[in-house]
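Paired with chain B in one complex and with chain C in the other, chain A is shared by the two complexes that follow.
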Partner chain A sequence: MTVAVADLTKRFRDHLALDSVTLDVRPGEFLALLGPSGSGKTTLLRIIGGLDFPDAGTVSFAGEDVAGRPARDRRVGFVFQNYALFRHMRVADNIAFGLTVKPRSQRPGAMAIAARVDELLALVQLPGLGRRYPAQLSGGQRQRVALARALAVDPAVLLLDEPFGALDAKVRNDLRRWLRGVHAQMGLTSIFVTHDQDEALDLADRVAVMNNGRIEQVDTPDAVYNRPATAFVADFIGNATRFDCRLSDGAVELAGVRLPNTAPPAPDGPGVAFVRPHEFAIASAGTPGLAATVRRVTHTAAMANVEAVLADGRVVDIATATVAVDAGAAITLVPTVVRAYPA
Partner chain B sequence: MSTREPRWLRWTLIVVALAFLIVNLALPLAAVFAGAFAKGLAAYRTAIVEHDAVAAMKLTLTVAAIAVPLNIVFGVAASWAVAKFDFPGKSILISLIDLPLSVSPVVSGLIYVLLFGLQGWGGEWLRDHDIKLIFAVPGIVLATMFVTFPFVARELIPLMLEQGRTDEEAARSLGASGWQTFARVTLPNIRWGLLYGVLLCNARAMGEFGAVSVVSGHIRGLTNTLPLHIEILYNEYNYVAAFAVASLLAGLALVTLVAKSALEWRFGDQIAGGGH
Partner chain C sequence: MGFTVFYLCVVVLIPLSAIFIKTAGLGFDQFIAVALSRRALLAYRLSFGAAAVAAAINSVFGLLVAWVLVRYDFAGKRIVSALVDLPFALPTAVAGIALTALYAPTGWIGGLLPVKVAFEPLGVVVALTFIGLPFVVRTVEPVLADLGHDVEEAAASLGAGRRQTFTRVILPAVAPALVTGFALAFARGVGEYGSVIFIAGNLPYRSEIAPLLIVQQLEQYNYAGATAIAATMLTASFAVLLAINLLQAWDRRRMAAL
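Showing the complex of A and B:
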């Protein structure tokens, strides 16, 4: 189902949480809302789910305006950051909740509900745990119960708020893959909120990068990573280092080096440039480029990580194929790829 | 929980706490029963089946039976409003809820006399419509409700604020109506806090003296509650009867305490599962 929002604006007292946001989510898509905290991503998710209402703008599901419709009439499954499991109910009753609150005429019988719960417990790989209370489950298990509960009512849209935020790294990676599989299997349109760029780039079909209540870019993970549309996206994604530069004739002048600009064309003048850790070459001192001192060198399986200190005191991490530099050596960092935007 | 405090410190604290409990709670309670039975079982029995004592007992139970349920409704409604919604004047409402606790009960009673008494603002209107509030049962109920109002709300507001709104939001997104959300999610989440508040509210409703004393008029057999009846007996130097009736009041308090413990024991697994 297509989920479309247009010109959404939401203000909390004097804070503009959403500033005229427009976004189209395609049927079957897995979309990530990525941004720093306070960027408005959770507010956007809650408005799509009918838990908050916008001051202006429209929300439509499959072309139908749902802006005035409360959450219970939207057929969305919402998975909360802290799961919001009903702690006084057993797992099975939690999962069955959405079915048991249906009007009597639409409510399945007790047998049908029990069968559906078993089916969902199998889907989320927790068979036989229906009689436990949420407090008796691990974080990852609770997360999957929350998902099963949201899926019980056959939602067309699945909304997840920081779904892996409270889990440790190992569990998180397993659950990511698994969630991706469930999404495909059930034919859902899913939107999830995260502040973790690895998670967004790893999991989503498309990523919407948000900042200060606006969407900066909506694109595939590859495009968001390799072709950031704005300075904010370039800065936020990929652990880049920021430099002042000059833009002229489609090229970037940075510390005496002239390079083609891989960012969208920008007018001539002062600019800001972003270079990622693997986009530096290490040259001997005196070469045109950024003078730096090596502080530390560490080796992993295939790469060397060089921690270098620039003349202005900033620390830059460089990932490079193994090179022979030692701590304390004076070197020059030569950018090989650069994205620059008007300052 | 293990502890590294020295043994003598632990024992000192335990002894101090126990001694305090015995001197301040157990001894007076024992004294009440000792006084009640000072002249034997027959005198005790005579004192509590006496007409005015039975009338006072009935009135006390009636007042509690009206005031406590109404305060449950108002207390839950007020806590719900404070915890789940943002609205202007919210902090004023929270302060108002505490008002009955900070005002002397005598003053609370006088407020009602001032409002509804014959010389009061609403007095003439009430008299013209033949409605008697002051020196009658309705006035006692009103004064009791006023004094006991904070007990339920004060117990629930911090609990509901701590639990937040996400459980309710989850229920709504799963299709539950407002009433279903309240009955199946909110109420079970707050039930132990609510029960505790209700027990406190009930104990105070049955034991309230000051406010009720002002509005009651002390008409024997009609507007005397148990505490007022005890005071009258005591002032008449009828110590055995006074202590006998007092033992009834103390007995009611013990029953509520046992009821609470029994409920906690019976539903202990759910309390543990519920995390509260």
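Showing the complex of A and C:
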């Protein structure tokens, strides 16, 4: 089902949480809302889910305006960061909740509900745990129960708020892959909120990068990483170092080095440039480029990481395949790829 | 553990056992005559009955007050919160006099009501409701706060209406705390003396509470008689509180059972 929001604005007291946000989510898509805390991503998700209401703008599901409709009439599955399971209910009762609160005329019989619960428990790989209480499950298991509960009512749209935020790294990775599978298997349209860019880039079909209540870019993970549309995205994704530079004739002048600009064309004038750790070459001191001192060299499997201190005191990480420097050496960092935006 | 037992002995058990020892000085027949006289039985009924009714009223409205304090932000919230605790701090006699003045047939509220409140059993219920409110509010409040808004939102997103969310999600979650609050308010109500004697009117067989009966026995230097009534109340109170505690322990075990 297509989920579309247009010109959404939401204000909390003095804080503009959403600033005329427009976003189209395609049917069957797995979309990530990525951004730092306070960027408005959770507010956007909650408005789509009917848990918050916008001051202005529209929300439509499959072309139908649902902006005024409360959560319970939207057929949306919502998975909360802290699971929000009903602690006093057994797992099976948690999962069955959405079915048992239906009006009597639409409510399936007890046998049908029990069968559906068993089916969902199998789907979330927790067969036989229906009689447990949430307190008796691990974090990962609870999150899967929360998902099963949300899926019980056959939602067309699945919304997940930092679904893996409270889990440790190993569990998180397993659960990610598994969730991706469930999404495909059930033919859902899913939107999830995260502040973890690895998670967003790894999992989503498209990523919407948010900042200050606005969407900066909506694109495939590859495009968001390799062709950031704005300075914010270039800065936020992929641990880049920021430099002041000059833009002229589609080229970037940075510390005496002239390079083509790989970012979208920008007018001539002062700019900000972003360089990622693997986009530096190390040259001997005196070469045109950024003068730096090596502070530390560490080795991982195939690469070496050089921690260098710039003249202005900033620390830059460089990832390189070949290292011929030791700690304390004076070097020059020569950027090889650069993305620059108007300042 | 050793310390707990010692402390409990000094503070609670020794004084209580003194009551039973003193009562034992009375013969069995005499004990029955004093502790189970018609007047005493009616006083027990009023004390326990009014305390139960008041605690029940507080369970409903205390939950409501706790709900508002936890869920809503409004100007003067701290003042309202402090007001809830006032019955804890106020000398009970002050509460009694104030309530009597209000609910007396000539008082502000008493004059407006179609039924007589002060100097009737109903007055006892009013006083005990006033005294017991903070017990329910303060026990339910932290549990409600801990419950979090997201479970309500989860229920709503699953299609539950407000009533269903309340009866199926919120109420069961706060029920243990509500029962504790009820028990505390009830216990306090059974033992309450100061605020009740002003508003009750203290008519024998009608609006006389058991603690008052004890004081009257004491005033007549009938210590054995007073302790006989006290021992009976004590046993009954203990039985009720123990029953509530067992119920909660059973509920906890049920929740924790693997």
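Assume the second predicted complex is superposed on the first by the 343 of 343 C-alpha atoms of A that agree within 3 Å, B and C clash if a C-alpha of one lies under 4 Å from a C-alpha of the other, contacts with A are read in each partner's own complex, and residues count from 1 in each chain.
Assume a residue touches a chain if its C-beta (ideal position, glycine included) is under 8 Å from a C-beta of that chain, and two chains touch if they have at least 3 such contacts.
If you're wondering where the values come from, they're calculated on a predicted model, not measured in any experiment.
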Clash or fit (per the criteria above) of chain B with chain C on chain A: clash
- prompt: Touch check for A:289: first (chain B), second (chain C), both, or neither?
  reply: neither
Query: A:101 contacts which: chain B (first), chain C (second), both, neither?
result: both
Task: Check whether A:50 is in contact with chain B, with chain C, with both or with neither, and answer first, second, both or neither.
output: both
Message: On the A-aligned overlay, A:228 touches which partner chain: chain B = first, chain C = second, or both, or neither?
response: neither
Task: Identify the overlap between the chain B-contacting and the chain C-contacting residues of chain A.
output: 49-51, 70-72, 74, 76-78, 80, 82, 84-89, 97-98, 101-102, 133, 135-136, 149-150, 152-153
Statement: Residue set of chain C touching chain A in the complex reads 148, 150-151, 153-161, 164, 168-169, 172-173, 175, 255-256, 258
- line: As the complex stands, chain A meets chain B at residues 49-51, 70-72, 74, 76-78, 80, 82, 84-89, 97-98, 101-102, 133-136, 149-150, 152-153
Query: Given the complex with chain C, which residues does chain A contribute to the contact?
result: 49-51, 70-74, 76-78, 80, 82, 84-89, 97-98, 101-102, 132-133, 135-136, 146, 149-150, 152-153
Message: Touching residues of chain B toward chain A in the complex: what are they?
response: 166-167, 169-177, 180, 184-185, 188-189, 270, 272-275
